[in-house]
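The same subunit A turns up in both complexes below, where it pairs with subunit B and then with subunit C.
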Partner chain A sequence: MVEVEELRPHADHMSTIEDSDSVASIVARITLFNAGFEEHKQHFHHTQLHGTVGRDFDCIENTLDELKHKFTQLKTQLKALGSESRNGTLDVAKYRAKDDLASTRYHDPWALKLEEYKRYGRQLIMPEVGMPGQLRLKASSVLIVGAGGLGCPAAAYLAGAGVGKIGIMDGDIVEVSNLHRQVMHNSAWVGKSKAVSLGNALRLINPLPRYEIHPYHLVPENSAIAAGYSMILDCTDRPSSRYLISDMAVVHGIPLVSASALRTEGQIMVLNDPPVSSDSEKAGPCYRCIFPRPPPPESVQSCGEGGILGPVVGVMGVLQALEAVKVIMRPPDRPANPPSLIMFSAYGSQMFRTMRIRGKNPTCSACSSDTTITRQSLESGSQDYMAFCGALEASDVLAAKDRVSVMDFASMINRSGTPVNHTLVDVREKPQFELCNMLGSVHVPFSLLRRWKNAEEATTALSIDIESHEPIYVVCRLGNDSQATVNKLRELGIDRNGARKIMDIKGGWEAWRKDIDQSWPEY
Partner chain B sequence: MEGKIETQIMDTMPEGKEGSSVKIKVLFFARARELTGLSEMPMEVSSGSSAHDCLNDLVAKFPSLEEIRGCMVLALNEEYTTESAIVEDKDELAIIPPISGG
Partner chain C sequence: MQLTLEFGGGLELLCDSVKVHNVNVDLQNRAEKLTMKDLLCWVRTNVIKERPEMFMKGDSVRPGVLVLVNDCDWELSGQLDTTLEEKDVVVFISTLHGG
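Showing the complex of A and B:
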């Protein structure tokens, strides 16, 4: 069948007739095709005579005859069309939109651009979306605070779905340790603005929405930014911003989708839905109604400290986008869902649990009628969110004499790196210790030693002699847990009232890496 | 673990209800799970106990839970509850501190 394949270039040539092609050029191409056809026919006869093709020939010749017939018809049609078109150019579009069709108004103007029908087609045909839902999405504007592990997936889906205006607010820069979970950034953007990076990625997904990029951190003083939006997504990573964003949502009267994640777990709530301003009776709770008191700073860990599994925060960000589109597309006459907290535990016996949470707290300090938090008080900066959430005591809990610098410690180890005449206690948790550690160091995780009740537990775990005078140096990742450990060991009497030196290594392994050994891994 | 809890039950048993107790399941989330090292735990308390009583027992068993006592949300059978709610046999009491990361 090689011969038939060889005809293709000619046939292809014929099949691509553009509106702008002149009749003359089309006719020329048909003539060319015919010439090619005749040539091939001769070739077939030749090969048949020499017996190389045989019985396929009749079949091929019939096909070729049919093709020739079709092209003859086409030629006739084109000639007819050509006589109708002015100045010798065939304008197929104009021909189709003949006066009769154009003058008949047989449909209303399309509600969306043709491009939008095509782009959103897969969701448009769903009863949950349809034209009303799509128009609501298009009319909505969502402020996403935080362009990290939650903000990346949440923003991507909202951009894809056709939210009319998307604001991205984040003052951080992309770091390489973000990329395992903050999936819209890429390695080439390390060191540059997260907000700009995410905005660029969103424009590639969907150029139709309006994007507003705010490459700075949210503070009460710039919270007026929420005025331009119909919804907020809290994709931040600390308690102080969670309370600030909740208060913003309340004073601006817009719903809030708040999500969070750490390690293997996540939480998500739709708050202030409907907003307080609409109908106080039906208004949904705010973040303060659910969590009136912030968690104590010692119980709060960031993803940098506690770790985070990429897909866990991804799940939460995707759920955030889902809850957001559900709220946006909800018809005005349909009530909001009862307030609930969805909890995700990647390793739980049940991965998802939905807890019904309380409604609005009538004595809430932010959303009740006698609140002192107003838009004005918020923007003036009189609400101190950092103070409200508290901060860990300054990390210098030990006196300078009880601490040793990484420089001084470096002079105490021999060339092979093993401790000489002292005990080095590494109190990082097991996974961190296994990443990198010093030969000869004793590993006791802080979570374990903080529960020690007597000196025996300590001496056994550290394999030390209580009577020894050998100093003990304690090290951790950043130099906080090490100080707490020194205090703990003293409480247990290991220092025998100062007879034995127990000191912490200032700044931990991070300081060691920076000042002493650059080959120590950064993680 | 069981033994210790039973001892506590004897201490908190209300008068006139000796012997009657309810078995509940406690679910720990987020920081509560880290502090206790458990994701769930069976617990036996005297009948008529409130969620508050259960929390007292739990904090006695896991003193570190005190850290989040002020900020946790309680849910009884997947529904928000206050500390005054009375727990019934086979109830699920969830201890939910806020997660802040992201």
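Showing the complex of A and C:
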């Protein structure tokens, strides 16, 4: 539901424009206001679409109309300010007039606005940047797909450096568990669009670039968006989007900076640099040249499963911005760097390593001359990236009779009079077990028990009697590893062909937290 | 033959979470050279402790694993036919996908 009250501060903020305010600051505030307005409008349409608009409908509509009106007024006001300056009635206008006078007398018009000289001064005086580099940055446009742990720092540095146009694409909303690493979002934005949140933060850093906010997920059907950009940053978190973004970069002929991070490690590559569309002899490899086939889905871990250290993904996002500005500022006669993979390992003996990787694959399915992937085939949706990368099998590997709901488990352990003797085996990894666990549970991490070779290893670790009839309940975080454990214990013969019950607790501790004990931590 | 093997990107979890292995690989049957193909076999038997399918597919590494011999993609040195020499450093790295 749209929070009507949230719109008010935007409006109040805009009503305090003074004559002494600089035109740039007014423009910045209008841009900010406009972004807030657009976000609420999208939110509003979304709510409308999903039919959850209630009694606040009229109220919201009125507020939006009010704000639209206010915005038009402010635009007119700004226009007037501009014309007044020409008449020399405002202070800003005086300075403007002085600039004009000077330029006609002593020099040609400056290539950058005075504000830009000042803002970018610390990088402008470097030989790597200079005026040519800054003008290349200003002429460039970068699409950042993913406004998360990589996208946040990458976007912040690109905005600060003065990239002319920055697109932010992300369909997710800000969650509180994102904030330890997704440093441009803040607690007040939890529950709202990541793309809009990041866009707003970037406007505060630098109001000068053009920002295009795409608050939805990338799919092949909307990949035409890349046509408006001269570079893409892959800041996403799964193989299917990595292949899609690489194909987009290839069909649109633009370089791609692809990075990823998990736990304490990160990887980054500059791809399609220079793009195939230029001199194909010199063209750099695409993601498919390096990884023609996707990894098996069971080998792919997300940050939610494997964990991620905030500064690790931050380092990778910053490196993405660095590689992007290096490519953007490179003079046309300077060759691209040979294809390489930079690996970062926070706890490695060497934190950074650069590895030479293969170049363009002459038979690549995406970037070679006999490719079947074209802009048209991409946008028609005929490439199925999900199917290409595969998905894990459904998580219900056990029959219903081998599983118990958290409700039934709770009533079993709470049964008055005749408590049921049982063994509760928690198979989460050690750090998770130490976060929260149930009194009396036996801890054996899944990574360890997966390697058990005989029943004795199991009975020793679980301290159970192989002859006992006491049931064994297995629990994990979400209910997948626990099912695999039940199967493993059976393979080892712990169930004595069904004489002993071994059950999985359906949905794991997450289900327990939701349905039984709200004081159990969510992590 | 003395070699340094390094596992990264999560592959170390298949070998007791040890990232760097200094190993001594014996040449088989008076063979004169050790190729990457031989080394993969050796690694599978002697270093990988669990789920070998997460490391290999057929007689090569599984998709999504990069192999680097002395900091260079093995694609550039002949993949399975790459000949190894004393003190070489071989890195096996799984691609990461998080962000």
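We take it that the second predicted complex is superposed on the first by the 411 of 523 C-alpha atoms of A that agree within 3 Å, B and C clash if a C-alpha of one lies under 4 Å from a C-alpha of the other, contacts with A are read in each partner's own complex, and residues count from 1 in each chain.
Assume contacts are C-beta pairs under 8 Å (C-beta built on N, C-alpha and C of every residue); 3 or more make two chains touch, one makes a residue touch a chain.
None of the values given here were measured: they were computed from a predicted structure.
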Subunit C versus subunit B on the shared subunit A, clash or fit after superposition: clash
Subunit B versus subunit C as contact partner of A:Met343, first or second or both or neither: both
First, second, both or neither for A:Gly306, with subunit B first and subunit C second: both
Contacts of A:Arg122 with subunit B and subunit C, given as first, second, both or neither: neither
Partner chain in contact with A:Arg334 - subunit B first, subunit C second, else both or neither: neither
First (subunit B), second (subunit C), both or neither touched by A:Pro296: both
Which of subunit B and subunit C A:Arg356 touches, first, second, both or neither: both
Contacts of A:Arg105 with subunit B and subunit C, given as first, second, both or neither: neither
First (subunit B), second (subunit C), both or neither touched by A:Lys453: neither
Residues of subunit A that lie at the interface with subunit B and also at the interface with subunit C: 146, 148-150, 234-239, 242, 259-262, 265-267, 290-291, 293-296, 298-303, 306, 308, 313, 316, 341, 343, 345, 348-349, 353-358, 451
Residue ranges of subunit A in contact with subunit B within the complex: 146, 148-150, 234-239, 242, 259-262, 265-267, 290-291, 293-296, 298-303, 306, 308, 313, 316, 341, 343, 345, 347-349, 353-358, 451
Subunit A - residues contacting subunit C, complex: 146, 148-151, 234-239, 242, 259-263, 265-267, 290-296, 298-303, 306, 308, 313, 316, 341, 343, 345, 348-349, 353-358, 447, 450-451
Partner subunit A, residues of subunit B touching it in the complex: 29-31, 33, 39-40, 64, 67-68, 70-71, 73, 75, 78-80, 94, 96-102
Interfacial residue positions of subunit C with respect to subunit A in the complex: 8-10, 13, 19-20, 49-51, 53-54, 62-66, 68, 71-73, 75-76, 91, 93-99
